[in-house]
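In the two assemblies presented below, chain A is common to both, partnered first by chain B and then by chain C.
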Partner chain A sequence: MKAITKQKIVFSILKVMSFMVIAILFLIIGFIFIKGIGVINWGFISKMPEEGMLKGGILPAIVGTLCLIGGSMLFAFPIGVCSGIYINEFLKDGPLKRFMRLMTDNLAGIPSIVFGLFGMALFVNKLKFGDSILAGSLTLGILALPVIIRTTEEALRSVDDLHRQASYALGASKLYTIKKVVLPIALPNIITGLILAIGRVSGETAPILFTVAAYFLPKLPHSLFEQAMALPYHLYVLATSGTDIEKAKPMAFGTALILITIVLICNLLANLIRAKFKKK
Partner chain B sequence: MIQIKNVNFYYKDFHALTDITMQIPDKAVTAFIGPSGCGKSTLLRLINRMNDLIDGTRLTGNILVEGQDIYDKKVEVEELRKKVGMVFQKPNPFPKSIFENVAYGLRVQGMKNETEIKDRVEDAIKKAALWSEVERILNNNATNLSGGQQQRLCIARCLAVEPHVILMDEPASALDPISTAKIEELVLDLKSKYTIVIVTHNMQQALRISDHTAFFYLGELVEYNTTHDIFHNPAQEKTKNYVTGQFG
Partner chain C sequence: MFKKLSQKVQVGVLAICSLATSITVILIIIFLFSEGISFLGMKPTEEGYVLAVNTKNNLNSISPELCKKVFDQEVDNWSQLGEKDMPIELVNSDQIATLYSEEAIGSEMEYLDTCYNDYVSKHVGVFAVMPKNYVTSKFKGRVVEVQENSIASFVRGREWFPTAKPIAQFGILPLLMGTLIVSLGAILIALPLGLACAIYMSEIAKKRRRKIMKPLVELLAGIPSVVYGFFGLIVIVPLIQTLFHLDVGETALAGSIILGIMALPTIITISEDALRNVPNAMREASLAMGATKWQTIYKVVIPYASSGITTATVLGIGRAIGETMAVLMVTGNAANVTLNYLKPVRTIPATIAAELGEAPSGGIHFKALFALGCILFLITMSINLYVNFVSKRRGVK
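On to the complex of A and B.
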């Protein structure tokens, strides 16, 4: 076979594969959209659930999920970015750096239900936060840490060393160089880590199961120490353990649609921020 | 004056420089020449302690800049680098505006007065013979400039800090002939005020712009003399072969 024909075939296969990925994504979103759009109206997103969650809205679950996203990122983003900076900028290549990397990777590989169990043992019981937004946020935060650390590291590593050298050669200290040269260049990519982390956190059910999620709590949280409903868990409840599962199905798809929408909006926002930094 | 005394330098076990002793005069251009890997950049980077950034290096001997032993514990490396500037082989402007690139070194020093910064930036860009090309686009990103302009910007960035010594590691090797000529002209222009050390692979360039030339081979300083003598009257057979292009 001629090299050129071979190349064409390989390219076509790659093309088909990548289009398939996009098709699957559209299929999922389209499916959820069609099944869920029927129940979506202002009341659905602004009202408390009623009548065994078969009527009314899902406001507390939306608010709960937003609180958990915000809370977990408030905790995980600074810690993750700082660790990433430490590992990439301050650790010399050697056993300690390899060990830190290995640990981060291992943390990423732990099943999320284990985080839930750990969160319950540490935050809920030992530290006596009880089932609360605080405990849930911390647990989700730990779950998100490896993603943030890893992307921060990658983002910093991709900063050309020539920029660091230029800064040092002008008499700048290491800290100044990191602050004024390295971080600004890496920031757009660090924000990618934030996007990935938000995506991960907002959909997790297992870690919030034992740490924060309420089965049915038709009120908005007033403090970090209260329980809250959350979209993924609410979805799970609607789909598996309501009083009338068939009747609850449209509500479940509606909830899924809202969850997807929230994640997409978060991504969009983060992308906008990233684009803005990139331009500067 | 830069005094280099019995300098040996090692990358881990690799002996990169062997017993180098030389004096580099003020307000003149000194060229380092020699085949690839002979240690020119290594010696250059010792003068502003850029090799400090590499793990596992070791130095013996002394290097004095303006009478001060720069490897003395009392010396702050940041202060040294303000006095001894550097221009790199590959133009490396920050992905910031043209103005902020040149202002960077001033901000490092904690300068706050924006009018003063503006004056110093303008002054430095003029000295680097770039002003007419960028005066109207100071807020544009520096990475949009041509390679030659970027390199002159890097020179301006270095000049803004008002160093006494400028180290240049093949500053024109990535540039086209016209840009190269501009850099050479600039170097000649600057030597009345600065002590310049330049590494180059280009014999003609060394001949055109330098007053003194040092020829290195395998980590040793083979011959160091006026550029005229190195090229027209070399004492060593090796030097003669190299400058006449018979090896390297």
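On to the complex of A and C.
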């Protein structure tokens, strides 16, 4: 066979396989969208679950997930950004910096269920927070730390050194330069990290299983020390262990659609910010 | 003066924050391993019960696994335990109650201990399960020690039966096998697809198309695992069930397919990076020699990027091994030692997720699940360190 014919065949196979990957994505999202869109209405997102979670809405799960997002980011975002600033701006290249990066990578590679075990052992049992929004938020925050640290570091690295040198030349201190020159330039990309972390945190189930998630709790949380429902766990419950799994399917599709929508919006937002500030 | 101090404080705060990840990793190790290691050395017997035999019997200690076989009557002769040839006579409180008259036992079973004592002393082949407080100085039988959990019994045990009574079984072999075959299947599905996609995006596709594809692949990574699990449960599981005419569609294969999809973004992003890092001079040199574009990719670009592709594969496997929710939902969760992809299996993370809620805090089952967590942690940690080592070596070259 001529080499060029062979190439044509191989290239078309590769093309088809790549499109298959994209097709899988559209299949999953499309399937959940088509099955779930009929369920979504104002009542679905504003009512309590009724009749063994077969009717009504998923408000407590939505509120619970929002609480967890808020709680985890309140804790992880400042620490993550400070950590990124210190590692990138203050540490010199060397073993210490490599070690810090290695630890961040390691933390990112730990399976989410291990975070669940850890959160249960430390926050729920040792610190006696019990199954609570606080324990869940802290566990999810730890899980999100590497995402925020990495994007912060990347954002800072992409700031041109000329900006720093110009600021130093004017007599500004290092800290002042970081605050007034470097951070404002890097901010959009740092925000990207925050958004990606929110997307990640809102979908995680394993870490909240034993730290916060309630099977069924038809009321809104009032304090940090209460249990709460959460969207991903609610979907898991509806799909596998509800009172009537067949009848719960529409509710499950609706929940899945809301969950996917949150993730889609986060990804889209992050990409938009990235694209907008790249051009400048 | 004051300004300088405040600056120092601010830098100090930054420095402390930067320690967060290291501290967390260390805390995770401490908490995971302190619970996990204390599992070793515990006895898997039901709280408050002991095993007893006749004094003429030489048996001193028995492994939990053999013990279970005795209770399941798979082992029913003492010769199989290295003793004299005689049948094993299994008794527990219920059987004692039927063997003795009501007067002998007492209306509130208050003489049950005497009955035990009597029965064990008279029957040479007896193997009794009895409450611990019955063993007093008057007891005429001998207590058999159940061997403690050890790394060997943990790793080699073929049965995972943490709530079995009177002897719980903590063998992780079926869980380990389940995790490995599901992950292996996942990588067999994800590697060809992912590699093809990476090659297409980095070498063949026009810039504009690549720009569209890249965020889509990232989106695939963003979909929550519970949504993958739900999709698998609704679509893949019934499909497998009808396709292979099975009773249940929740199989290792279903898990592999879902995990394969979930591992795709990792494999694609990292191998694409590796391919794009191949210097253009290499490609140009090959093309200038008259090679076609495909020959260049096949003979020059891929070999050059091979270590990056290996990294991608290893990280993909790591992702698959640690994945919890999706696997929990589609693999059926039966602890089988099997290589059959059409059978239900149970993985390590799924076991933790499914059982931790029911295991009483601080008990042996609870600790066994933490020991599983340790194993998971060690596997993923070594994968990370390996990848770090490889990429560092590549960086030096």
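For the reader, a short list of remarks on this structure follows.
By our rule, the second predicted complex is superposed on the first by the 235 of 280 C-alpha atoms of A that agree within 3 Å, B and C clash if a C-alpha of one lies under 4 Å from a C-alpha of the other, contacts with A are read in each partner's own complex, and residues count from 1 in each chain.
Methods note: contacts are C-beta pairs under 8 Å (C-beta built on N, C-alpha and C of every residue); 3 or more make two chains touch, one makes a residue touch a chain.
Fair warning: this is a prediction, and the values are worked out from it, not measured in the lab.
By the touch criterion defined above, A:Thr205 reaches chain C but does not reach chain B.
Of the two partner chains placed by superposition, A:Leu74 touches none, neither chain B nor chain C.
Applying the stated contact rule after C-alpha superposition, one finds that A:Ser173 touches each of chain B and chain C. Of the two partner chains, chain C is the only one touched by A:Ala121; chain B is not. In the superposition on chain A, contact of A:Ile265 is made with neither chain B nor chain C.
Set against each other, chain B and chain C touch different numbers of residues in chain A, with C touching more. With both structures placed on the common chain, the touch criterion links A:Lys92 to chain B but leaves chain C unconnected.
When the two complexes are laid over each other on chain A, chain A has residues 173 in contact with both chain B and chain C. Chain contact summary for the complex, chain B toward chain A: residues 48, 50, 53, 55, 78-79, 81-82, 85-86, 88, 90, 92-96, 104-105, 107-109, 154, 157-158, 161. Touching chain A in their complex are the following residues of chain C: 7, 10-11, 13-15, 17-22, 24-25, 27-28, 31-32, 35, 192-194, 196-197, 199-201, 204-205, 213, 215-220, 222-231, 233-235, 261, 264, 268, 292-295, 315, 318, 321-325, 329, 349, 352-353, 356-357, 361, 369-370, 373, 376-377, 380-381, 383-385, 388. By the touch rule above, chain A contacts chain C in their complex via residues 3-4, 6-7, 10-11, 13-15, 17-18, 20-22, 24-25, 28-29, 31-32, 78-80, 82-83, 85-87, 90-91, 99-100, 102-107, 109-118, 120-122, 125-126, 142, 145-146, 149, 173, 175, 196, 199-200, 202-206, 209-210, 232-233, 235-236, 239-240, 249, 252, 256, 259-260, 263-264, 266-267, 271. Remark: chain A residues 92-93, 160, 162-163, 165-173, 176, 180-181, 184-185 touch chain B in the complex.
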